[in-house]
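Each structure below appears as structure tokens.
Two complexes are shown next, each including subunit A; its partner changes from subunit B in the first to subunit C in the second.
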Partner chain A sequence: MKLLVCIKQVPDMESRFKPNGSGTWFDEADLAWRMNEYDEYAVEEAVRLREQLGESAELTVLSIGPDRVVEAIKKALAMGADRAVHIQDPAVADKDPWQIASIIVAHAREQQYDLIFTGMQSQDRGSAQVGVLVAEQLGLSCATTLVGFSYENGIVTAKRELEGGIKGVARLRLPALVTCQLGLNVPRYPTLPNIMKAKKKEIAALPVDGLLAEPAVAVTTSFHPPAKKGGGVVLEGEVGVLVDKVIGILKEKTAILR
Partner chain B sequence: MEATREIYWNIGHGVVLPMYLLTLAAVGVLVWGFWKRLPLYRLGKPLDRCDRYEERVNRMIGDLLGQEKVARVRDGGLPHNLFFWGFLTLFVGTLIIMVQADFLTPVAGVNLLKGEFYKAFSLVLDLAGLVALVMLGALFVRRYFVRPEGLETVNDDIVIHTLLFGILLTGFLIEGARMAATELVQQPDLASFSPVGKVFAQLFVPFDTSSISASHKVFWWVHFALVLGFFCAIPYTKLRHIVTTSANGFLVPLEPKGTIPTINMEDETVEQFGAAKVSDLTWKDIFDADACTTCKRCQDRCPAHVTGKPLSPMKLIKQIGETAETTPDAALPEVIGADAIWACTTCRACQDICPANNEHVGKIIELRRNLTLMEGAFPGDEVRGAVGNLEVNGNPFGLAYASRGEWAEGLPVTLMESGAEVDILYFVGCYASFDKRNREVATSFVTICAAAGIRVGILGKEEKCCGEPVRKLGNEYLYQMLAQENIELIKGYGVKKIITTCPHCFNTLGRDYRDLGLDVPVEHYSTFLHGLIKEEKLRLTAEAAPFDVTYHDSCYLGRYMDVIEEPRSVLTKAGGRIREMAKSGYDSFCCSAGGGRILAEEKIGTKISEARVSMALETEAPLLVSNCPFCLTMFEDGIKTGGAEGKLVVRDLAEIVAERVKA
Partner chain C sequence: MFLELTEEQKLIQETARDFAVNELEPVAAGLDQSDDRTPMLDNLRKLAELGFMGLNVSESYGGSEAGVIAFSVAMTEIARACASTAVTVSVNNMAAEVIQAIGTEEQKRAYIPRICSGEFTAASFCLTETCAGSDPSGMMTQAFDDGDSYVLDGTKLFITSAPYSGIYVVWAVTDKDAPKGKGISCFLVEAGTPGLIVGKEERKMGQHGSATNEVLFQSCRIPKSALMGKLNDGFRTAVAELAGGRIGIGSLGLGVGLAAMDFATRYTTERSQFGQKISSFQAIQWKIADRYTELEASRLLLMQAAWRKENGKSFAKEASMAKMYATESANRACYDAVQMLGGYGYTRDFPVERYARDARITSIYEGTNEIQRVIISREILRNFA
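On to the complex of A and B.
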């Protein structure tokens, strides 16, 4: 059985984001990078299935992006993926979800994966489109926002998180694609022997040029922080000083004391 | 008549041969007993503890004769020491008699045991016997009648007490019987040099010579049999500590305190990291169990143990030995318990006090390495998160690495990347960089440096966590990744001297980084400031307002690095009148945050920080001063949750000094 898990490397959300020169995405200077949180759940679930199936299964991890994404790929390999595909694209940020999905499809169509795992969405773009677009293009059965997963005899049982805290259960026949949500599992911390083993695993590097023929359908025209509407002030100091400050603010900014 | 006595009186020289043969047999049983234990130690991995031979021998002899570590705790320690010296004196006396009777007299025809020397000899041995007997009595009462909490008594103890009481009492009875028949009649003056023997002799005075002679023979043989029993019992009872604890004086680690073996990450043949089984530890780790006398001093001082966590350093040592003996393939994390393994703050109080020179902390680190590196385990999910943050942003808070140097904006600090000349590199550490409370410490430190004309450089956003907390949690891999990055950076800037405000950074950069190739002098700011004051580069306005204060020794500064006096001196120069806590200096009590526990929540038992805060309250000083960001954080917390707000304020030494700097 051939398993694929698609991961994205995203900036740490604590980073300070600034628009880049063209004003269509964020500037990458001074950002710390990590594996997209939802993709970690996907990797963990895929690795668990790989362990359940044993040697009859092979788990491939795929990521699109510049050389830095190899770090995220290595982590997935250390967590237990067998091999990796790095689709080299220094301009991945300029691609829209349709293009990203098309790149994955171009690779996956040949490989005939039985089951594909993705994150529910990426932490940076947050479109939640890529997984479902891949499933649609490949004609796979698909379930999104998984908080529970089991597999037996060719059937995936997927527990989904729906609106308002309601859960639903779907059964999918293979081939299928699932997108993973927070709460599905606790991603493992790679053990040192597995980190060492991962260093020897194959990472196939494929240039993006051969895999993408589609134009963008939704082009980002502007990336900018929302206009500042207001904010909180944290006052500190002795109680007496605090009182004076509050009175000052009320006088200055409101009509209450006039 | 000259002062002397007839050796083998009433026993006869015919006893010499059987006596020597029996003694030889007993010594044989002793050696055999230890010989049989050797395979147990061989279960462990090899470790060279025979290098620097002369130094080791000297240390062992010093430990053995001085018994200083035993004396550090008066309860139990004082009577044990007096007993030891008494018993040792008796042993040496017996050896002198042996040499005299069986070698000097028959071979050289010389008698040393006469005249003034004999008088002194008699008196010293008599008193030594008395001291040993009284101290043994005191220890007996302590063990069986007024037992201190936590003191475990096993069958060995009654065997040992019986043997020792028997040996001492029969010794005096033999002496008494002999004196009643000889000295008391022939040389009453000489009898005064055996005051205790003289008292025992009174027991025999009412009887006729033949009864005295007969009972003397009986007591002699009983005494001899008990001594043989004592020899034989050594390897099979707690008495083995006579050999093993002494040996541990020779086997002590000679590298700098706190050294943890640096794992070679390049070695691909290694399949097991840390200790999952006894065989993953070293032979010394198994031997330590035999050197342990279960004096429980470690347990009494363990901050985790006394606040209700399931860790006892003593039990851990024993469990390793018992597992090696009974189920060598057992999984150690199950035997010891993960909660116990994670509870350790690596404060080193156990190891510091251990009279047997046992090494507790290293064992815990090896157990943690297995949990972390082989099983990907964490003491809690909050630690999992913090470790993830360290991997991504180089700090446990998960804050943007690029903001690491922001605290220094507007302060007299140079970024190393600017290339400007500096006197010191201030390795700021995560807490002083990001934590609001500890940023005040960083600010104070650079203010002081500016006043002393010291040009301070920082690495800013290039600096990463030194890796200490994760290393102590067993994650050697992440530690080495962080360390390598810092080392390359520091080396690249050609730094001449590094100062830290964090004792954990100080230990790590100054000692642990050496294994990874950093060779730059590293100092904690408290000794650095002490030096500046001494050289009069820094002047303080002490006279302005003296204040009462208590000082907390950070474990990693005091016990690990022997920095005890310098911070106190700085504090005193700043006007502080120090009121010491009951536990201070080498006996200081951990704040709870060492050993990577800074990243973990304290979910079991009561809070260590509150226990320490209440010790500070006992001094009635309104101010608690520390010089470690972890301590400061824990005490701020302990003061709030422990209800000490309004009664106690915690501040860092740098803050105190910064306020009293003369421009």
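On to the complex of A and C.
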């Protein structure tokens, strides 16, 4: 069984961001980078399935970007992926989700993966589109925002997070793609011996030029946001109503109540 | 010249930082104020499982084989959250390294994997005595040759991790007629050996999570195979291994100093007096500039010492310089951090008073900074003689 997990390297969210020269993205100089949080859930779930299936499965990790993304790739290898594909693209930030998905598809179509894991979204762009676009282009069954996952006899059982704190369960036949949400699992720390051993695992480097044929479909432009007017929400009403509103917000916006 | 960490070193730093933030920081204040060490002992086991107890130890003995630079950056990240955990990790690494450096193959196979895996919660380094601190050659503990065994008698002082150690690296006099510093040998004594008694625990100013005890040897009989390294050559080993330990303690000091300055600097951007944030006052700005510059210089000195050790170059002078400068910078950072928080800095509601107490020992243990200066000046003067 061939498994793929797609990861993105993003800036540490504690960083101080400033706009880049064209005003369409952040300046990448002097930032600390790490694996996108949602992709860590994807890697963890993929590694668990790889461990469940044993030697009959092979887990590949894929990332698109400049040389620095090799660090995130090595983390996934240290967590338990078997091999890696690094699609070399110094200008990855200029590409829209459709193009990113198309690049992944160009690689994945010939590899015939049985199951693909991605994060629910990236912490920097946050489009939440790449996973579903890959599934659409490859014609895979797809479930998004997973908070529960199990696999048996060719069937994926996916517990999905829906709006308003409601959960839903979907069963998918392979080949399939799932996108992973906070709450799915607690990613393991890579052990130090595994970090060192990851050096010996294969990282296939592919130039992006041979994989991207699609033009951008999203337009990115620079504009000045309106002046900020006070933040926060003021709730009003009787105590009972207020409590219901707070519980509703906590369920919808946070991981505290699920 | 290349000043960037490798991808592996960055991942080890990130793993140490994530573990420190998620697991160590939440229990650090509690460890400082309670006698219950359970949370720290649990974390030591987890750190062992992740490979932090044998960073510079060969994979064949269960180590991570990640090198000295990785050891240094990991120690700093751990110490940013909890100095007590950090000193235990540093001493465990040092014990594993000394066994790897001079142990027999049997000793290496018997003990190093148990330190690295966490089967032994900790390992102890028994050198100091009441009358043998900066001058360990004055030690009184003796090992008598009794045919097929040695018998240890004497008392060791300030022994880190003694109550939960699995193995004790012990120095003792084996030839009392030899010239000073010559007749000392090194032994491995397993926990539970009859005659090995863990004595009273010191009530310390800081680093409360880490136990520091007397260890008594009373007619403690150990097999001949417990001798580590050459007979009567133990003092040289002790001196050589302490140099590696100094990189660990310097890195620990750097971590505590950074934690203190990071906390205090953030505080100055939130605290207002005279109608403005106190970070807008030059008196505060100069503290920030001076202390961070010193901490950055400490980091570079530590990286140099670690790089030299990792690449098989002499590093005793550089390790002493790094230990001395980093631990003194850390103490100044903690002093100023308390000052920047004013009265709040002196209370237990904020962590800087703990950092200040935890940092204080770093200029004393692993060789006082006075001894570091002796080593540094001796190495320099040698080139002028």
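The rule is simple: the second predicted complex is superposed on the first by the 224 of 258 C-alpha atoms of A that agree within 3 Å, B and C clash if a C-alpha of one lies under 4 Å from a C-alpha of the other, contacts with A are read in each partner's own complex, and residues count from 1 in each chain.
Definition applied: a contact is a pair of C-beta atoms (placed from the backbone, for glycine too) under 8 Å apart; a residue touches a chain by one contact, two chains touch by 3 or more.
Owing to the predicted nature of the structure, the values given are computational and were not obtained by experimental measurement.
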Classify the contacts of A:Val241 with the two partner chains as first (subunit B alone), second (subunit C alone), both, or neither. neither
With both complexes overlaid on chain A, does A:Ala204 touch subunit B (first), subunit C (second), both or neither? neither
Could you look at A:Leu192 and tell me whether it touches subunit B, subunit C, both or neither (first, second, both, neither)? both
When the two structures are overlaid on chain A, which partner does A:Val70 contact: first (subunit B), second (subunit C), both, or neither? second
Under the stated touch criterion, which partner chain does A:Glu14 make contact with: subunit B (first), subunit C (second), both, or neither? first
If we overlay the two complexes on their shared chain A, which of subunit B and subunit C does A:Val217 touch? Say first, second, both or neither. neither
Jot down the residues of subunit A that show up as touching in both complexes, subunit B in one and subunit C in the other. 34, 189-193, 195-196
Could you list, by residue number, the parts of subunit A that touch subunit C in their complex? 34, 70-71, 74-75, 78, 189-193, 195-196, 198-199
What residues on subunit B touch subunit A, complex-wise? 268, 271, 273, 372-378, 381, 384, 387-388, 391-394, 398-403, 461, 476-477
Contact set on subunit A toward subunit B in their complex: 12, 14-16, 30-34, 186, 188-193, 195-196
Show me the residue ranges of subunit C that touch subunit A in the complex, using the header's touch definition. 7-8, 10-12, 14-15, 18-19, 49-52, 55, 59, 63-66, 70
